[in-house]
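Presented sequentially are two complexes of chain A, the first with chain B as partner and the second with chain C.
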Partner chain A sequence: MNKLSLKIKKTIKNSYTGWLFNLPLAIGLAVFTFVPVVISLYDSFFQYDGLNVRVWAGLGNYARIFTKDRDMNKVVINTLVYTAVSIPINLVASYFLALLVNNTMKGVTAYRVFYYLPCMIPAVAGGLLWADMFDGTYGVFNKILGFFGLGPYRFFRYEDMRALLSVFIMNLWGVGGGMILWISAFKNIGKHYYEAAKLDGANAWHRLVHITVPMSSAMIFYNIITSVIGTLQYNGTLTFGSRNGRGEENALYMYAVKIYYEAFERGKIGYASALAWIMLVVIAVITAVMFKTSSWVFYAEEN
Partner chain B sequence: MKKLLCFLLAVLTAAALAGCKEKTKDSASDGGGEGTTPVTVNLTIDKNVSADISILVPGGNINERTMIDALIEDFALMYPNVKFTMNYVTVNSYDSEIKNLARVNKLDDIIWSNSPDFYFLVNNDLVYNLNPYIEASEKAGVFDLDKDFYSEYFDMGSLNGNLYCIPRSADSVVTFINTEIFEQAGVDMTKIKDGWSWDTFMETCATIRDYFDRNGMGDRYVIDANLTSWLSVCYPMLRSFGADVFDANGNIAINSQATKNCLALVKEMVDKRYIVDSREASGSSFEAGTSAMLFQSASVSLFADRVMLKGKTDLVSFPLINVNETPKIGCGIAGYCINKNTANADICWAFLNYMLSYNGQQKMALNGLNLASIRKDLSDTTVANWAKSYPDINMSAYLYGSEYKIDTSFLSKVDAGKKTDFTTALTDMFNSACNGSKNSDLNKIVNRCVEDLEYALEEY
Partner chain C sequence: MENVSRSARTKKTAVNVSLYLLMTLVAAVLLFPYAFMVSKSLMTSEEVVDPKIRFLPAAPQLANYLKLFGSGSGYASGLLHTLAIVGFNCVVVPLSASFIAFSFAKLKWTGRNFMFAVMLGTMMLPGVLTQLSLYSIYVKFNWINTLYPFTIPNLFGGGALYIFLIRQFMLGIPRDMDNAAKIDGANAFIRYLKIVLPLCKPVLVYVIVNVFISYWGDYYGPLVYMRASSAPKTMAQVVFESALEENAATYNANIRMCGGVVMSLVPAALFAVFQKQLIEGVVMTGLKD
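Moving on, here comes the complex of A and B:
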């Protein structure tokens, strides 16, 4: 026992400066993340309106998600389609944009800044801006299309998958964010690989497929992981979608919007907490699977 | 130990599964109760009283802030030691923000609300039943509610006969008209007057439609009717036909022939291209001067002062639908409630009483409030500040037809959390009636609405 306490004392003595520096972050994480997460788990077992009513519901909230909630099919399909389509589009678009601006051409920095600028606009402002540009009567897109004898189109206000298609188009506006990450990955690839490949007669396509892509696979993996986590939690439609972000005929109704709607429009904090926990579990499982199957990722340090 | 663990797990599982039992409500709840009344009511406050009062107002509405600031300025002359703080609430997240403030006991002394939102305050027992103050004021001769005010607006701030929300103005749906389009279309303006009927309205629509089509404006629509997004228009229409959301027993009663007749009227307006088909990407807009009429309750200044509408705007009452001899006009209130946990209820009442006074109403009108006053002695539009800036506009349209006025009081019968679902179910029904690919089967549209309402009533 004495040995153990001496060991603890020694550890604290040796590392207290580090703990002190970490303390603000640790307190912040505990108060603003860990505690709310635990409270939400507790709430998920109650019928709770956030103020007065708190009735034990057991697994009732969880059971409702899978059995009685008539919106869930639409919500899950929308979220999966959005995730499955949006991630590849954005990754590929930002990857090729990064390839385009990853050169020493004069003025290329201006292009990088130009493409990154939209990412500096807050998401809410961006959403409102796009809602305005896609407006059926006044929107600039319909004005331009009208000039060519096309449209008008309803964009976000379609009742079918075309509403989601409009979101995919809007999301291309933010590919500059991914571009920056890709460029940083490209900069870490040694020039000697390309020089050697050129000497061996490899053309640009071969250099891309056999050097750039494999050597940036760690960044590809990182981007896929963060994109999947972020996209499954997408709630941007709250800023531009009709019917409180759900869209016409629930065409834009996503899982995170559902959580928001249940908590803050219907006042069902308990049910919203259960929905959030299901999402947490799903994201954790997907992330774990991705890590388990990540043998294709190349880490230069390990090599 | 193993047995104990098994027992505990069994108990936990049973408790958890017990919560899975379905809970449904067949009918609407009563909503609210008797409410909390102030323990004592004192109308004579010492002029030197000291207090700190906080007021919660909608942050996004600059007019609300300036008019309350003006009242505070005047109130300070009467009670110099009463200090006010103004805090802000976002109207779109009203319930959740109020909930958060109440949970940490930081809810303001005086709380802005409106006719559907105050049900939330009452359901959660957050505000005072102000009947004792009204009774005491009438007894003391401060005012006579029925004689001095349009008392129907006080009814809209009441639940089960208890007044919770003091209206600061009278909001009523009127018809905004573009006089330039009316004249060019050759509309007989003698027929366009307060109390005009729905038949006259449809005739006017036909004249304007014909004018648009003859002059290459086929893409324009006659009226921006606000049918698919605003209950203050579509609910009075339903009621005019004799339809309602609930019957007297609180059961859903929307599936009726009266509802279908109302939707058939909407369909007719779409078929005749008076209003836009909801499948269309673009419509025409009253604000931009491309449609001839608009159903709206907002302040006239929001439209009449626009460049596109300057000198071309006039008002007329909402057209009366006489098919069932029960025409209705949509209206509502915005006003103020008193927090039941305030330590200064009497001072809060004194402030609201000043808001109701002749001087208070006139002061607010000079500082951003262009809606009709709730005082009868301010109905003369040549004298009242809320109206006299627009001498060429028929401002009395806002005041027309007290006996027809109706708000969305059916929402008081459902829990606050169901308000959005109910609103959406009804506006979706009207949206479908405006949809050319759906409105051929009105039964299906109404059945869908019933399903939505029943789903909204589920308890979980």
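Moving on, here comes the complex of A and C:
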């Protein structure tokens, strides 16, 4: 009896310390995460500018997004194209870059650092720089291309898909981030696989398809998931795109920029909240589908 | 026999040389934009609008950097505001995140697994979802156009990812050290501060450098919470706004590039110093789970 009450007392005392250390997190999650999430769901059913009175709109915001909003088609297409194209480009380009520096030659570490360096440039400086270099008249790219009798090109300022294409070109400079992950994947795969494959006369492509991809599929899968979630929320066009990141004739207009624009340029917090909730649902569905179809992922046993 | 090995050696040298050439070419392509940014920041305002290709200034105009931080430019006060935010967070985030991580890694209590699952669950939420209503909440707090939105919330842990990483690291610290102190009568707070925290140095360095880099470059937060012209603008925000100016490609393009260079140099320098930790951290966050 006495023993039991002592034990209970000890549990309470231990829990007390645990909760005390965890208290900042509990408060922080409540105030800065849960309350805002609930409020944004609530706001999505109102016309609300974030300052004045909420006016009940029922499902009006949602209905408008799916039926009346003329920008939505372009926004959804741009976002999907951007996600579907930029992730594979990055995976493949960074793979070949990693392959290039996956050797033990003298000074190879310095090259890896050079390749990774562009990833350290803040997006806002990158945006400034690329908007400058891609300028239709004064940009250095047009000057160089003009030397070969090409151009001038308007890059980010095209009214069609060529604007997005320019973003893909720009993104190639950030390929060092993926390279780092591939190099670590190579390191985790036993050398003997590659040596055996080389003896069998397998070239770089065969080694990629038959060894590297299967052996690092867990990492690839994790990266695809996080890149899809991140890319669907991409708002980088704000830093270089004309018209508040929307581009000419909405050529660069993507979903996260749409939310930003509706909320903070047009003061429609309620409408933007509805947009954000749709985004959450879409991300949740896509993530769930990817996990359901992840039987191709091979989890190596831990050593 | 000798001939064969010599030709094999020549072949190997040829492969090596071409590999070096290729690696250097790729490096040149990847580094060109940033070299060009530096070069353009040192040009005169005439050279910037020269229709001919110009990769280098005739004479480097270091005075451009003085102009950048000169009176009335906004960059100087921007830098101060950024340093205030960064300085605060580089102290507060590692402390609060490790404090919370300690409760997950080193204490046993009812509700621990639940809180851990809840915390990891919040990592999935798109940031924009909370940002919209945080805006209207901060309006009520009178936090709009102040530095509070970028500092005060970090007193509560500074993000699930950092807490998670520090917890993982703490789990690797041998239990014996902690237990010995416990037997000596040290309470949880003493054990956190005196034993566990000092051992967490490697992961704390990673956290601090990342906190620095993310707040240094944050333009989106200010874009949401500090839109008034009277707001204490950050460096990233000033650089962002300067890029939006009409005729950005011609007027003051050299000074604008100075802003870009300053923005880029600081993270690049941090990377040069903490290269190993940062790359290991990228791999760690990329591979966990």
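Heads up, the rule we're going with is that the second predicted complex is superposed on the first by the 256 of 303 C-alpha atoms of A that agree within 3 Å, B and C clash if a C-alpha of one lies under 4 Å from a C-alpha of the other, contacts with A are read in each partner's own complex, and residues count from 1 in each chain.
Please note the rule applied: a contact is a pair of C-beta atoms (placed from the backbone, for glycine too) under 8 Å apart; a residue touches a chain by one contact, two chains touch by 3 or more.
None of the values given here were measured: they were computed from a predicted structure.
Trainee: With both structures lined up on chain A, is it a clash or a fit for chain B and chain C?
Mentor: clash
Trainee: Thinking of the overlay built on chain A, is A:P152 touched by chain B (first), by chain C (second), by both, or by neither?
Mentor: In the superposition, A:P152 contacts chain B only.
Trainee: Would you check which partner chain A:K268 touches, where first means chain B only, second means chain C only, and both and neither mean what they say?
Mentor: In the superposition, A:K268 contacts chain B only.
Trainee: Applying the touch criterion given at the start, work out whether A:G50 contacts chain B, chain C, both or neither, answering first, second, both or neither.
Mentor: both
Trainee: Looking at A:T137 after the superposition, I want to know if it touches chain B, chain C, both of them or none. Which is it: first, second, both, neither?
Mentor: Both: A:T137 reaches chain B and chain C.
Trainee: Examine A:I278 and indicate which partner it touches, taking first as chain B and second as chain C; both and neither are also allowed.
Mentor: Neither partner.
Trainee: Using the superposition described at the top, determine whether chain B or chain C touches more residues of chain A.
Mentor: Comparing chain B with chain C, the partner touching more chain A residues is C.
Trainee: In the overlaid three-chain picture, which partner chain does A:M105 touch, first (chain B) or second (chain C), both, or neither?
Mentor: second
Trainee: For A:M72, using the defined touch cut-off, is the partner it touches chain B, chain C, both, or neither? Pick first, second, both or neither.
Mentor: A:M72: touches no partner chain.
Trainee: Where does A:M254 make contact in the superposed view: on chain B (first), on chain C (second), on both, or on neither?
Mentor: Neither partner.
Trainee: Of the partners chain B and chain C, which touch A:G60 in the superposed model: first, second, both, neither?
Mentor: So A:G60 only meets chain B here.
Trainee: Could you name the one stretch of chain B listed in 96-104, 114-122, 330-338 or 420-428 that collides with chain C in the superposition?
Mentor: Of the stretches 96-104, 114-122, 330-338 or 420-428 of chain B, only 96-104 runs into chain C after superposition.
Trainee: Identify the overlap between the chain B-contacting and the chain C-contacting residues of chain A.
Mentor: 50-51, 137-138, 263-264.
Trainee: What residues of chain C sit close enough to touch chain A in their complex?
Mentor: Interface residues on chain C, with respect to chain A: 16, 19-20, 22-24, 26-27, 30-31, 33-34, 36-37, 40, 48-49, 51-53, 55, 96, 99-100, 102-104, 107-112, 115, 118-119, 122, 124-137, 139, 153, 155-157, 163, 187-188, 192, 213, 216-217, 219-220, 223-224, 227, 236, 239-240, 242-243, 248-250, 253, 256-257, 259-261, 263-264, 267-268, 270-272, 275, 279, 282-283, 286-287, 289.
Trainee: Name, in rising order, each residue of chain A that touches chain B in their complex.
Mentor: These residues of chain A touch chain B: 45, 47, 49-52, 56-61, 63-64, 68, 70, 136-138, 142, 151-155, 157, 243-244, 248, 263-268, 271.
Trainee: Enumerate the contact residues on chain B facing chain A in the complex.
Mentor: 15-23, 93, 95-96, 99, 102-103, 124-125, 279-285, 288, 416-418, 420-421, 424, 428, 431, 455, 458-460
Trainee: Within their complex, state which residues of chain A touch chain C.
Mentor: Within the complex, chain A touches chain C at residues 11, 14-22, 24-29, 31-33, 35-37, 39-40, 43, 48, 50-51, 97, 100-101, 103, 105, 108, 111, 113-118, 120-125, 127-133, 135, 137-140, 143-144, 147, 173, 175-177, 180-181, 184, 219, 222-223, 229, 233, 235, 238-240, 256, 259-260, 263-264, 269, 272-273, 276-277, 279-280, 283-284, 287.
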